[in-house]
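Got some structures for you, see below.
Both of the next two complexes hold chain A, though its partner changes from chain B to chain C.
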Partner chain A sequence: MTQLTLGRVTADRDRLRRLLQDYGVYLGVAVLLLVNVAFTPHFLSAENFRTQAVQVAPVLIVALGMALAIGTEGVDLSVGSVMALATSLVSLYLGYGPWIALLVAVAGGLVVGLANGSLIAFVGVQPIVATLALMVAGRGLALVLLPQLKQVHDPGMAALGSGAVLGVPYLVLIAAGLALLTAFVVRRTTFGRQLLALGDSRPAARLAGLPVRRVLILVYAASGAFAAVAGVLATARLTASDPTSLGTLMELSAITAVVVGGTPLSGGRVRIGGTVAGAVLIQLLTATLIKHDLPPSWTQIAQAVVIVLAVYAARERGKR
Partner chain B sequence: MKPISSLRRTSARALLATGLITSLALVSGCAKSEDDAAADKKPAAQGGSGGAAAASGTGAGGRTCTLDAFGGKKLDLKNATVGFSQSEKEANPFRIAETASLKAEAEKRGIKLLTANGQSQFSKQISDVQDLIAKGADLLVIAPLNSDGWQPVLSSARARHIPIVTVDRKINGTACKDYVSFIGSDFVEQGRRAADRMIEATGGKGELAILLGAAGNNVTTERTKGFEQRIEEKAPGLKVVFQQTGEFSREKGQSVTEQLIQSKPGIDGIYAENDEMGLGAVNALKGAGKQPGDVKIVTVDGTRSAVQGIVDGWIDGVIESNPRFGPLAFQTLDAFTKGQKVPQDIVIKDSAYTKDNAKADLAKAY
Partner chain C sequence: MTTADVRDPAPQAVGAEEAAVDAPRPAERLSALAQQHGALVTLVLAVLAAALTFEPFLTADNLQNMALSSAFLAVVALGMTFVIVTGGIDLSVGSLFALGGVLAAWGSQYGTAVALLLPLAVCGLIGVLNGVLIARSRLAPFIVTLAAMLGARGLLLAVTDEGSQTYLVDKSTFFAALGQGRLLGVGVPVWIALVLFAAGALVLRRTRFGQYVYAVGGNEDAAALMGAPVARTKITVYTLSGLCAGLAGALNAAWLVSGVTILGSGMELEAISAVVIGGTLLTGGSGFLSGSLVGVLLLKVIQNVINQIGSLDSAYQQVVSGAFLAVVVIAQTWLGRRGRRT
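Up next is the complex of A and B:
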């Protein structure tokens, strides 16, 4: 009798854990929203939601690429440096007009991503090492190209950074579009299946005849391109190219968003909805602490607590 | 199997190499920035040009140093070799102007100047200074990255009686024994002057926000201390209601200010502890639909973009942190090597920009 109830309790607890792992991040966002509505002055305004959405957009775009890399049981540490490289390239090529500058910047991100992917797929370097190398090299190259902050005067770039359609800023539209695209690719395309399969077990994927190398290269190329887009958008928002500080610690914010969103670091699973919610959660947390003028170190501690909670939930799931 | 995999590897390497080389060629070959497109040539003179006006400094504390007390022999600065060790890459206006000022003054006086850059790595700066000594520098000007850890260099310099002047940061050691003089800004005083400017701009009433610099940095603590003290003393009607770090970067300054104006739309003034964060705040105010002057902004540093911000009406005051150490440093070394008394602590004169002088002095800003 007692055994039975105990079994049921464990089963219930298991289910609760699984629910918490799958939907905990949405719960977190909901709780933070409620807390802010109750305690933060002027929180319930369109203007405020726009601000939060615009601030989270670059982080989210980087996190989407990161989620793909993590889905293959890898990671991309070079994303922050790719943002810096993109901002330098934008500034260097703006003379040809904003579209060319944007294309060159994204191409630069693609090249870094291809280099990452080649090192990982062909040379067999661990993702953390390969992308660490390009993280260092990318920032260096960005600073060689543009040694110091430079103002951007191009009206097209300024419009990209602050313009809106029907009250929704371009930055938010682009981030949302890329999130939908990524979710579609992961869920509905062969490439998405292959990505998840090789994240689950690379030997099995290879034995099954999947194009492991091609998938790996494409994943890191996508991550590089996404980071470059984020770099361009951040440049437009700032109306300045600042390769010294743009994107610093971005890799950590992106990994946090992905992990908090419920994508396991062990690969084989990519949760795009969760990643979006993870990025929003971190943004709201930071905003809450800033708006209430709490010491900045608290933000870092609060973020750490959220990460530990998320990883704890993931650990329980893995054990089962 | 083997040939295939090695072939693949070679092709992968070739791919990588081609990719990188193509991108580099692309990047360096056909870049065309906005300036190139507009073909507007900015005046080339930077930093060094405004130096002469800011050459005056005052000795603080009154303690002095002489050649007799330090040891060593008189020499004519004109025939001497001076070594300058810069701490950080010349990637921000301050460092660019600082190095340019020393070079310009050396050239003006016809002195041979050797330079080195520590690239923000302390170990590199230490070996830089040792190199400068080995290359025959008779005198040293050092912009130290850290205050501590200089003993090995100081003792080898002392053994050769090489006088050292440190600029913008201090070296922890005994003045007139380990080094001759320190020339720098008074960051607390910069905070006080920023407060005076803020009191004037706001009329001494209202709510203020502070965009703090990077945490754990003495510039941040001292600029905050001076500002808060002065506000408390002179304007009890002004309340600091918000203090968040913008980490000295424009992006963080903008993000934090966006949060600020949403939760406290009635904020009257923002004190930014460097120009970059202040310019970020201006971006945020523009984005929120505020007009120039709605929120008073006072910043510290004196970069050209911030002074332009005054001209445009968005910024109310910029307190300068003077990077032009060249004239003072060489003046000090000249006097010292002639056997005259020089102060151990020299405070460089920082000017300030308001709407009265911003337009006229824009060229002086670095």
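Up next is the complex of A and C:
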């Protein structure tokens, strides 16, 4: 009898833990919102929400590509450098019109992503190392193309960066659209299933005859393209190209958003809704700390602690 | 006729097959040699090419500069080699290098002992924390050390008034002499790095701990089954890496006579590149320290040459370093695959 009750209690606790792992991120966002409503002056204004949403958009877009890479039990450390490369390319090709510049920048991101994917899929290099090499080379290439900060004076780019439809900024609309697209691809397409299958078990996916190499290459190409889009949007918002600092530590923010959102680093599972909430959570946390006059040092330490806690919380699921 | 007699021809047949496979052995040996000593050959060629092409390359000043800047990276790469041989990775070393330098510069006002022990204590502690989270809580090394990289950078900002305060080292102290002094014409940091490498190589090759490091990297489960203290070994290597990064930062601060706050970003990549170029496999279980030293020297020679081509700036260095790392990793994977077929 006692045994039975004990068993039930453990089962209940297990279920509670799983619930917390899956939906804890939404709880975290809710708590941070409440804390801010209570303690931060002028928090509840449309203007503030718009600012926060615009700031989170590039991080979220990068995190979407990262979620796909992590879903295949990989990681993409080159995303920050791809953003820098994109901002350099946009500046260089803006003379041909904003659309051409945008296309060239995204193509640049695609090429880096294809290089990552080829190293991983065909040569068999570990994702950390392959994307590390492209991270170093990508930042260097961005600086070779555009050695220093350059102002961007283009009405098209300015409109992209600060324009809005019905009060919702373009940046937020684009990020939301890409999030919906990614969620659809992961859940409803063959490609999505293949991605999750090979993240779950590479040997099994290979034995089942799935196109492992093609899926891997497409995943890293998508991550590169997403990072390039994020780089273009960040350029439009800042109306400047700064290849030295744009996107630094972005890989860390993106990985945090994905992991906090409940996507395990061990692959086989991708949670897009959680990733969106994860990106919002980090943004809110940073904004809260800054609004209450905590210096950047403490913001960084707090972020580090949140990352470790999130990975620690997700650990049990990886074991199961 | 016993069953053993009947079975006897079988092993012979296998033996004959092995002999047939043995035929292309020189090629395989060559690929193994290339994997282990390719970096050394490349280094010799690079030095020869640089010496022939650039007049100032072989001057005493230039060599001294290269040796010094290699020394700091080499100490970081020393700890990184231990970590990578266990199959892990430590991305926090760049931040710890900077943090170690700032703490050493601040501590130097209280004497050399404080200037050395404070960075070692703090960076070692962060290394312990990395190790415990990786070994006991079984978290992925790259994410733990990435978080530590951010946290250590935050700590650095916190102790330097958000990066605006640069602590200076008094040039007349013994601590400054550790960085600036010379022994037999060669900078003291170079000697320290060489001594540490010799000690590290002894530990890795000749001690039980060294064997555990290889065993954990080769196959963690097998190592645990044969009774190796897996968790303790991992915690020790991450602690070692933290200590090395902190010491390198302290020596660098002594050399620069100030705790520069913006140092060390990207250093983790340099250290990992050096280790990988030196023939240590990122999959763990194999590797050697002399290779890492060669890798460091090779990177620094390449940087030096790029610096001397006046029209090329540091951005090209990054492109070349990244491309170089990619080529080395491709070559290693290729050579490793051929080796495995034997």
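General remarks:
Operating definition for what follows: the second predicted complex is superposed on the first by the 316 of 320 C-alpha atoms of A that agree within 3 Å, B and C clash if a C-alpha of one lies under 4 Å from a C-alpha of the other, contacts with A are read in each partner's own complex, and residues count from 1 in each chain.
Keep this in mind: contacts are C-beta pairs under 8 Å (C-beta built on N, C-alpha and C of every residue); 3 or more make two chains touch, one makes a residue touch a chain.
This structure is a prediction, so every number in the text was calculated from the model and none was measured.
Taken together through their common chain A, the two structures put chain B and chain C in a clash.
Legend: residue contacts after superposition of the two complexes on their common chain; A:G108 is shown touching chain B, with no touch to chain C. Touch criterion met: A:Q303 reaches chain C, while chain B stays clear of it. Of the two partner chains placed by superposition, A:P155 touches none, neither chain B nor chain C. By the document's definition of touching, of the two partners only chain B reaches A:S45; chain C does not.
By the touch criterion defined above, A:I290 lies against chain B but remains apart from chain C after alignment on the C-alpha atoms of chain A. When the two complexes are overlaid on their common chain A, residue A:G167 makes contact with neither chain B nor chain C.
Of the two partner chains placed by superposition, A:G209 touches none, neither chain B nor chain C. With both structures placed on the common chain, the touch criterion links A:L132 to chain C but leaves chain B unconnected. Once the two complexes are overlaid on the shared chain, A:I255 sits against chain C while remaining clear of chain B. Overlap of the chain B and chain C interfaces on chain A comprises residues 119, 123, 143, 147, 296-297.
Taken together, the chain C residues at the contact with chain A in this complex read 89, 133, 137-140, 142-144, 146-151, 153-158, 162, 266, 269, 272-273, 276, 282-283, 313-323, 325-326, 329-330, 333-334, 337. Across the interface of their complex, chain C is touched by residues 75, 119, 123-126, 128-130, 132-144, 147, 249, 252, 255, 259, 265, 295-301, 303-305, 307-308, 311-312, 315, 319 of chain A.
Interface residues of chain B facing chain A in the complex, by the touch rule stated above, are 8-9, 12-13, 15-16, 19-20, 22-23, 26-27, 31-37, 89-93, 96, 212, 215, 241-245, 247, 249-252, 254-256, 258-260, 262-265, 276, 279-280, 283, 286-288, 305. Residues 40-43, 45, 47-48, 51, 55, 89, 91-96, 104, 107-108, 111, 114-115, 118-119, 121-123, 143, 145, 147-154, 162, 234, 237-240, 242, 244-246, 287, 290-291, 293, 296-297 of chain A touch chain B in their complex.
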